[in-house]
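Below: a set of structures, written as structure tokens.
Two complexes are shown next, each including subunit A; its partner changes from subunit B in the first to subunit C in the second.
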Partner chain A sequence: MSTGSVEVIYRGIYQKTLAKNICRGVVFAARKEGKIGIAFGRYSDSPERNGIPAKQFAVVADEQEELEEYLSRYEPDNNDVTIACDDTLCKGVESWAWYGLQPINKLLGENGTLLVTSTQSPNKLINFIHRKASPYDLALVRSEASFSGLWVYKDDHTDVRLLGALAKVAPHMFSIDSMLAAIKEQFKDDLKVTSAKKSYDDTEAQPVSTEQGNEEVPYSFELPGWKEMEEGIVIRGMDMSKGGTGKDGSYVPVRNEVFKKFSTRTMRPVINFETCTKCTLCWLNCPDTCFDVTADGLYDANMEACCGCGVCEAVCPVKECVTMVNEEAFDDNDSQWAMWTKDKDGYGKWLAEKIANQPARSHGFHHIGQYEEDIANDSA
Partner chain B sequence: MSETTVEGFGEFVETQVLDAWKGPKKVPHEEFFTSGHRTCQGCESAQLMKLMAKAAGPRTIILGATGCMYVANTTYYSTPWAVPWMHTQLGSAGSAATGTAAGLKALMRKGKMKDEPINVISFCGDGGGADMGLSAISAALQHTEYNHLILMYDNESYANTDIQVSGSSPYGAHTTFSAPGKVQRIMNRRWKKNTAAMLAAGHPDCKYVATVCTSNPVDAMNHVRKALSIGGPTFIHSLDPCPKGWDYDPRYSHELGELAIETGIWPLYEVVEGELKMHGKSRRILRGQLKRKPVEEYLMRQGRFAHFVQEDIDYFQGKIDQMWEEWLIPGVIPFSAGEES
Partner chain C sequence: MTPPKAATAETLDGGAPVGGTEELISGSEAVAHAVRLADVDVLTAYPIRPYDTVMQYVSKLIADGEFDCEFIVAESEHSQFEIVKHASTVGARVFVGSSGVGWLYAFEALAVTAGLRVPMVAMVGNRALDDPGAFGVEHNDALAVRDLGWMLCWVATAQEALDTALIAYRVAEDPRVSLPCALSCDGAFLTHSQSIVNVPDQATVDSFLPPYDRKEKLLHPDNPITIAPQANEDWVMEIRKQSDAGMRRARDVITEAYDDFGAKFGREDEPFIERYMMEDAEIALVGMGTLAMPVKVAVRKMREQGQKVGFVRVRWFRPFPVEELQDALGGVAAVGVIDRDYGLGSAFYGGVLAGDLRTALYPLEDRPKVVSFIAGLGGREINTDNVITIAGMVSDAAEGGTTDDQDTYWIGVRE
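The block that comes next holds the complex of A and B.
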């Protein structure tokens, strides 16, 4: 059977064009072999928001009926390949309220392949990825996550490199020759064809057993059915009594319990409490209200609420106080302030190590022409 | 408590008296719009919602017209609001504000609820306010017997539905309706609608109209507090940098707001009972104490202007120069006195 489906999980807006290019590539490659295909985004991701995990799917089939069977499902499961366009998605995805934290491999079929763009070692990623009841393969495309904006696409060949790798791990869906022909036709760029072929040659998958991976059970919610909803679909406001000022003068706001937003994060702020001048600006300028006010008047970024926008780092007037660090460097969402109060020297070492020893990371363009400058600097 | 009467309209219901906060350290901790909204990273409109709710305090009803701040903030049967909030249709921020304020007044008069000043804030985006809801806002600003604030968060496009051009989109900006092409580079040739000044000039009985920017949170909050205290219908227009539609790294949300002010693109002013006052850096620009930065610094930070060539930047700069050098009231009233007058 040569029918199959590909799930593309990506960062909203930053990778929207990338995901579209991948899904289109799948359909056009299938067409080269006389098959039919369709690509579609998940309706409920729309409107997409910067960074929030989103999905597109591409389905390939021999017959119209098979195709429609996939389309009748809200999210096709049992996918042959799941592509994670950014390795920090391996920690799990929460796309909207009540969704919970969905493991990256949840909709991957038995013995399917999880294809990830990453510069990390496979073992490091496996430690992030939640355990799965059935075995699957993991394949990496060696690349930093390709982020760009809605209007300015950063054409660094990540799209065709993923398509080349896809032909390797899912040969039953299309051959590499069909894929290269489709890429040539779509992009009219021989260099892109070469990139895809090289990626095809380089890609190796490794098996992941049911014993490997993150043992943590991801949080989930029971979505209230229509019978439990109130007249006029009233949504109860936040219960202020669940948060507020503590006896010690600290303040922790009540937060939305069913949407935490941290799976949006690709960088997290780490805070040097020793240099903090308590100026309030990080707390006051945070659009996600993620700073808890501590009893000693410091500001502790709550790592379940922080989506990693980096505004706190930008507004902080102290040179070395708030630093954004690649999310890959962290295994938990624990309070930095609690860590600091327990062991100040230990925290200082931890902080220095986190800041110094991480691959750089950005949300995409900082200014127009930066990508060209980066390439020029790299080749210099 | 302020209390005013207007002949033929009876007494105003009292307003809350909300004094200005003097500096960021005086701002209370309490949050009424908190974490868990499905907005973009670095969303300045969400930041504005947080500031607005904080400035207004617990005894407040908030109404929101369709837009990002409706859709993202009530994501599937959950909400980050801690004060009562209600959705209203895209063009009806004005009607909802008047209706709610009138309803409260009637219930209090009939003794059906405790007589107390309750803030009513109705927000809308630039699509809901500057385009579709303009007539309803105009009507609301004429019904001077009701106390409420209409707050327009302006991210310069229909951002919620993935960035279509609005009357508030700047000249030449790339949107889904104005994508630059090979033949035509500039597809949005309209100049941004001057909404706050239009409403201030057109509604002389409205006691308070202001422009703010979230890049100065305390200033933005104090204008909300002033608008709620002064009585009658009031209007605030806020410029909110939008990382998604303007296409920049979300960490620069704050900086882009500042740049909009410093380049003179976004003048900060308030019209209080018929008297115009510039504030913040805009006042210093007006007085010649601060030199305007070139608009290029602002434009070239954003992907939506990536297709601009020097000619376009010069045109934009020329329009901004005109706004400060030739307008009857710099930054506010966009015409000069004709020769005959």
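The block that comes next holds the complex of A and C.
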């Protein structure tokens, strides 16, 4: 008698079908061994938004009775494996109905495995991931974040590669043979079976101790009781008078302290303050009021508020003044303008390096018209 | 015990200084006067019998220059109720209403109005839920929202309709409650029947009913708030619990309002129920709305024969008057509940009122038998003979006869 559960954390819409395929694959593989299972999406994430961290789960068990405990749960904890379909999720997730930043490994059980698709080094990811009170393993599937979503499904085999790796890190749930048989039956594609097997062979897990990882305590909130909540489903607007002009002449708008949005981000803008013409377009067009106006009239995007939409890059009229860079290239949310005022040469080098070394992304666009260009390049 | 009198200026004996005028008006017209006296700001209308009579009377008051308000004819009941819901959040006192399937066409708006704690007052001209085009009285229309946070009351006379409409505004808008209230008036028997009514003067009404003031919940640019953003599983239960607390607090607020109403208007009514010849009653009949008239006549007839029968009329169905009903009915041997509604497939296939009443009496150690009767559906008359038949069966149940308190009896249906 035993159960096994897998949590799949993915980027909303972009990777919805990917997450579903993984969870269904888990159940079908377990079925090959006479077990039963369920696959479900976290209800509050549906309908989901582009890029927002969302979840699906798969649970398998020997007996129906063991499954019942899971049938009415939104978020099973103590999972055997947590899969992150995009390595930028390793910084933590603030999914739709979660308040505060949830560490990516929060619902992983002791000695469970965190399985991430990434081209980064394991140690780099460990630095992002919050520390956990119990040890666990980290395993990587070498891949960029897959764009296998609701509207467009790019069949890059990420689904079966993760399933093959899963058989390796959780052999107590199913054997690789059962997994390959289930993949063959589901997809009727030998190439996908081969991909799964290769991934199984390649996957190595490394232990992560309780001493490793990001020491920062993720921000969190206490939900109020019914007596504390305002009646009539009334939510107070933020007091705009609390923001405004600082002593030095800078302007910082009021922002919602209980909803920061940055875990939605897969890219962030970096700004070249030397070439900025102070045209105000980024500040005007940012949908999330991210820009602080600095005392010297520049625009500094606040990285706790930025959702990474790329609008500022698209509207900036100066070439390469605002550039969207892969989120995994950053370790903190510090102010770029503060960095620049402290050491302009150092900032210039930092900026050049960020722009030069940004890995390509499978979702999200750098500029208006990129989609059309990509399509043209693909068909050429 | 005195038989009901037309409550005219002359017959008032409460001692309070009551002005006003005496009018021969229907229940709908009485409610229209209450709307005028409450100085309603926004009223939405969509025609359906028998509620539409109140629209006609309010329009006439406006046309005659006696009343001024935003009178909006919507394109459906759904919009009708949505418009006043929003108007209420920006501080307008609102009035609305419907009947039968029209009320149900607004069901989504009805449900969220209660959830949002919007203190709307609506008149339901009770009507059968069609098809085909039935427009006689049944109570299933208003009862459909009974568990959603609407306060529900039924009245029996045009005078009570006017008075209760004013009380409804005071209770609904009280910040301790802040829930919508539906005032049910039986189609035809009340909406279309004229009787002598004391229409109070404005000064007395103003002394009783304070202006609607949403205070910090006013939706206004100077008070930036959002009402009803997305709420998921981590909020909804607390929101429901708040509504539950409001409904519980409504009991005291209703009692206060009736006390003050009696002091100001000189008409003293017991807040939740009306007891008729109950002091020494051995069996009791219970019902809501205008069926009180034939029941009272029948009770007097039976009393003349020496039968100790009494009657309890439930005025407020939500909040349900458990304490009052336990007090009124705890001492009788058997109760016959006459429902002008049906609960198809419910416990014992009984009426809605019968079901709640059984629940209320169950904790009593010496609880009476409760027999469920369904009568007067689709506007069919309930006559005194029907009532005497019912009382006979209730006596039979009390004496351990063949009348079954685990069954439901349809009275006046052709076999």
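Things worth noting here:
Operating definition for what follows: the second predicted complex is superposed on the first by the 351 of 380 C-alpha atoms of A that agree within 3 Å, B and C clash if a C-alpha of one lies under 4 Å from a C-alpha of the other, contacts with A are read in each partner's own complex, and residues count from 1 in each chain.
Rule of thumb we're sticking to: a contact is a pair of C-beta atoms (placed from the backbone, for glycine too) under 8 Å apart; a residue touches a chain by one contact, two chains touch by 3 or more.
None of these values were measured; they are calculated from a predicted model.
Looking at the shared chain after the overlay, A:Y74 reaches subunit C, while subunit B stays out of its contact range. After overlaying the two complexes on the shared chain, residue contacts for A:M229 are found with subunit B and with subunit C alike.
Looking at the shared chain after the overlay, A:A133 reaches neither subunit B nor subunit C.
In the overlay built on the shared chain, the residue A:G237 is in contact with subunit B and with subunit C.
By the document's definition of touching, neither partner reaches A:A356: not subunit B, not subunit C. Set against each other, subunit B and subunit C touch different numbers of residues in subunit A, with B touching more.
Once chain A of one complex is fitted onto chain A of the other, the partner contacts of A:N256 are limited to subunit B, with no touch recorded for subunit C.
By the touch criterion defined above, A:E313 reaches subunit B but does not reach subunit C. Using the contact criterion defined above for the overlaid structures, shared-chain residue A:A376 touches neither subunit B nor subunit C, since it reaches no partner.
Overlap of the subunit B and subunit C contact sets on subunit A: residues 96-97, 223-224, 229, 233, 235, 237-238. The residues of subunit A lying in touch with subunit C in their complex are 43-44, 74, 96-97, 99, 223-226, 229-238. Of all residues in subunit A, those touching subunit B in their complex are 12-13, 46-52, 96-98, 149-152, 223-224, 229, 233, 235, 237-238, 240, 243-245, 251, 253-261, 264, 279-281, 284-290, 293, 302, 305, 307-311, 313-315, 324, 362-368.
Chain contact summary for the complex, subunit B toward subunit A: residues 24-25, 27, 29-31, 33-44, 46-47, 50, 58, 68, 71-72, 74-85, 159-163, 174, 217-218, 243-245, 247-255, 300-306.
Every residue of subunit C that touches subunit A in the complex is listed here, in rising order: 115-117, 178, 217, 224-229, 231-235, 237-239, 241-242, 245-246.
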